[in-house]
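Accompanying notes for the structure given below.
Naming follows writing order (A, B and C), and every chain is counted from residue 1.
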Amino acid sequence: MAISKRKMNRIKENLTGYAFCLPGIVLFLCVGLYSVCFSIFLSFYNWSGVDFAGTARFEGLNNFKNFLANGNPINTKLFWTGLLHNLEIGALTMVFVIPIAMVLAYVVTNIKRGAGFYRTIYFLPMVASGVGISYVWKGLFGAKGFLNTMFDTLGLDFLVVKQGMLGDPKTALIGVVVTCIWSGIPGTLMLYYAGLSNIDNTYYEAAEIDGASKVQMLLKITWPLLKPMTMITVIQQLNGAFQMFENIWVLTGGGPGGATDVVGTLIYTAAFEDAAYGRASAMGWSVFLLTAVLSVISIRGFKSDT
Amino acid sequence: MSIRPKRFSIATLVKHVVLLAYAVACFYPFFWMVGTSLKSQTDALGNLASPIPEDGIHFENYAEVWEKLDFAKYFVNSISLSVVCVLCVVVIYSMVGFALARINFRGKNIVFATYVALILVPGLTVQIPLYINMVNLNLDNTFIGLLLPIVNGAGPFAVFMFRNYFMSMSHELFEAAKLDGCSTFRIYWNIYLPLALPVVGTIGVMNFISSWNGITWPMIILRDDTRFTLPLAVMFLDQSAFKQWNILMTGSLFSIIPVIVIFMCLQKSYIQGLSAGAVKG
Amino acid sequence: MKLKKRLFASVLAGVMLMTAGLTGCGGSDGGSGGGDSGKKEMELWTWKIAMTPGFEAAAEKFEEDTGVSIKVQAFSPDETYKQKVTAAANSGDLPDLIHWWASRGIGFENVLVNLTDKITDDYKAKFSSTAFNGSIVTENDVKNWANDPEKSDVVKSLNVGDCYHIPLDVGGFFTIFANTDILEEAGVSTEAPKTYEEFIENCKQVAENTDYGGFVFGGGLPDVYYNWMGRAIEAMYLGVDKSAGLVNRTEKMSDPENIKPLKMFEELVKSGGILDGTISKTIDDGDQSFAAGEAAYLLGGTFTYGQLSAMGMDVSKVTSFIVPAMEGSVAAEGFAVNPDPLTAMAISKDSEYQDEAYQFIQYITEDPEGISTFANGAYVVPAAKLTDETLGMLDPALQDMYSAMSDEPNVCWQVDNWEGTIGRKAEWTEFYNDMQKIITGELTAEEVAANFDKNAEAQAASGN
């Protein structure tokens, strides 16, 4: 036989790889591919949502021009400010969520008593979500809400926001970020928890013998070993920030005066209030491209770091 | 980690203070839900932001909701969706993740890059095409039609997680098993998957919750309310012209308490599995 | 080797299972309520969960009369319903009856039954005179849609007079509610203020003399103030021509006369008469804070009384009046709240029972029993013109709401239906956002007006 054993092995390994991927890929081909392609396709059409063959109108790049390059000056302005807000929310959320979640996960894995109790409580924000929770936030942030009352009684007048945190354009985005941090921590905490339980204890023991402090251990051992989890978190948070919609919609509706408008709220308005599905898709996929670039950059960054 | 007796009390105290402070932040909304569920309708409507009922405690809300809500039926709908969803996600995508981490095959990078890219797909814009797709497959208003897109949607992130985790596990394990004559599937199923329990747990819990709490997709694909999941059924408890937050929150509690109970039960075996895995590794 | 086989076997099994799932289980589609048993069953979709009891009660009686049963199914929230209907329309999966917002040019008329022939003058006379505003395509619509690059071909193909849905319920705004207890405490007259200026003064007095706020509304929604109040003040002050000119880009907002209504709003803000935190309130939040006795005045509509009493407020101390005009208004005479159409019912072209579906719509819009059963169950004011007898069959609160509205088209209606109007374009959305910035003190009235003019010009120049 002319085929060498090495080549044989190579083919075998290829086939094994495909076999392992097969169920996932078949599922994607059946369920995901069509909707992704159709939705991209849609970005180049004007379509009200019914009978594509009969009523869709090819628009070329007009949908993109509309909000990217002054095809519609107001939409263009809204899109870029919205995108900026997305970026701000994503960056600020990450800066807080990652360290907080990491420290909490570290502490939870290192306590003897009550770990189960804390884990159960920490998991609550994941289940207790939805529209109702926005009222909790409104209660905390309102003009006469918990925060203002607290600052007032503590004599920290300069922290009191007269219209309430969500009612002042200067602070509304901060309020939104606070809610994002709150809802972002549990998932990240779980990721880190999973990561931490995979770290070999001998690393710490060796470090302890060398006389390293807790902080040093956290920075020199835990942080580098958790890098894969951090990368996942960064991408997850980035993606979450750029696809954010419902959270903002129920909390501020994008206001006041557009101070918390994000691309998600604009996509929603385009699709469901203006019935411009084409433009909505175009916006969605533009943001997709942007987040893809940002993700590639951050993945590269994590790789070159190690 | 070894404990040094002299530092024990202060360090532990600090830890618990930190943990408790955060626990309060996590617990508060839940507390609010319970408080609101005990209010009268006017109290809930007029005094929504506060968690404290001002118009007496109304346990009868629970009786009313229990009577109105066909809990058993919707619970079965929800639990079967979530369990099947978690099983599918874990099995299908841990296989993909394993292949991407441990098997060298042609096109591996393309598969991985595609999955990473799919994480970023704008959810809001693919919803209608997705529905059209499911109708074309004749899966409109079916359990399978409800399930498959949820599983597929969870795929990219799960692949990413499993791959990274399998990559971080020692490669020698694979080589050693290979030399012992194990088939690749055996290595995956008997060695790698059990050791990946932390990720299985994380992915499992995340997908359990998201499939349990999901509202939009079930609402779009199902047209028959006997197939509704629990959170959907809860939304329809309140048919009054003016919102009955007390009823809605009571219903929400009915729909999230099973998740909490399941989480608490699973946590035990999860932790046991973790320590078992640690011994093995 | 044996294990390898097992690997393939299990993967194969997995794939087979999936294909089986895809093809086999597809059979259990419960889509159409086909008439195998000879019994006619229709399906009705709505997004208003609160209106389902009304539809169900009417459907029950309808079935007694005709033998046709109707399955009412609600899907919520709004955006999910919109997606569901769009997607269903796309795949020929629509229910027989589709409940929808009463607006013209909805975008999927191509899958609905064209009801135009049914809308005779006699037929229209059975409804409030403004009820069909949301349903019948006007000359202006056709012209504007033709010029709008963003409108879909479905909308562009509609003709003047086309009608695809029948209005079910109506509502009106432009109403201010007053808490007389607070007014008395502040030493302010409990009589309705005669002018906007007087109203501002009252708000100011309340804020200064008491711990309460003056005025509250759903300020978190940028357009609530303008749509429920501001446009009436503006149209009464400037008159219909000029007010319509602002819509049609022939007038400048920064014109010294045209800016006055906006400046008066700025006055209201500066007077401190608006309750702190109004800017982040939804409509319900605004009602709630008025019901909790936090403010003396509330901006509302026909529904507000019901909402307030559901919130536990003692409505005997609440009075209401129509928004007062500014001093020097030219068209303030006889301003009344019109019944604006809110929701409507359409019929799917694919329906097997188009006649029965139309019969059901007739039942809930024309038959006294049907009207009252539906309206009381759904707690809405019917779009139909009611005889005294039918009116008497309604819930007393609904009767009051019905009587609070007048058929006589007011100035706002006239602005909206101005001959040749281009309708409110994107500069208005920006304007509403900018008005929020007046409340937060970021912008002055002059700046907002200048922005508006600039935006209108830029939009016009770019063909939007």
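Methods note: contacts are C-beta pairs under 8 Å (C-beta built on N, C-alpha and C of every residue); 3 or more make two chains touch, one makes a residue touch a chain.
Note that the structure is predicted; figures quoted are calculated from it, not measured.
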Practice task
Please state which pair of chains has more C-beta contact pairs than any other pair.
Solution key: A-B
Handout entry: Central chain (by mean CA position)
Key = A
Exercise for the section: Name the chain whose C-alpha centroid is most distant from the C-alpha centroid of chain C. Expected result: B
Completion exercise
Chain centres from averaged Cα atoms put chain A and chain C apart, in whole Å, by 33
Exercise for the section: State, to the nearest whole Å, the distance from the C-alpha centre of chain B to the C-alpha centre of chain C. Expected result: 37
Completion exercise
Distance between the CA centroids of chain A and chain B (whole Å) is 16
Handout entry: chain B: positions in contact with at least two other chains
Key = 48, 91-92, 128, 132, 136-137, 148, 184
Exercise for the section: Scan chain C for residues touching two or more other chains and write them down. Expected result: 7, 14, 22, 83, 86-87, 90
Completion exercise
For chain A, residue numbers touching 2 or more other chains are 16, 20, 23, 27, 30, 49, 138, 142, 268
Practice task
Note which residues of chain B are touching chain A in the complex, please.
Solution key: 1-3, 12, 15-16, 18-19, 22-23, 25-30, 32-33, 36, 48-50, 91-93, 95-96, 98-100, 103-106, 108, 111, 116-126, 128-130, 132-134, 136-137, 148-149, 151-153, 155, 157, 159-161, 164-165, 167-169, 184, 188, 198-199, 201-202, 205-206, 209, 212-213, 245, 248-249, 252, 256, 259-260, 263-264, 267-268, 271, 274, 278
Fill in the blank from the handout: chain C contacts chain A in the complex at 7-8, 11, 14-15, 18, 22, 78-79, 82-83, 86-87, 89-90, 106-108, 110-111, 149-155, 219-222, 275-280, 282, 285, 426-427, 429-430, 433-434, 436-437, 439-440, 442, 455, 458-459, 462, 464
Problem - Residues of chain C defined as touching chain B within the complex - result: 3-4, 6-7, 10, 14, 21-23, 25-31, 49-50, 52-53, 73-76, 80, 83-84, 86-88, 90-91, 93, 284, 288, 291-292, 306-307, 310-313, 378-379
Fill in the blank from the handout: The chain A residues in contact with chain C across the complex are 16, 19-20, 22-23, 26-27, 30, 46-52, 54-57, 62, 66, 70-75, 138, 141-144, 162-164, 166-169, 172, 252-253, 255-258, 268, 272, 274-276, 279
Exercise for the section: Give every residue of chain B touching chain C within the complex, in rising order. Expected result: 41-43, 45-48, 55, 91-92, 127-128, 131-132, 135-144, 148, 182-186, 215-216, 219-220, 223-225, 235-236, 238-243
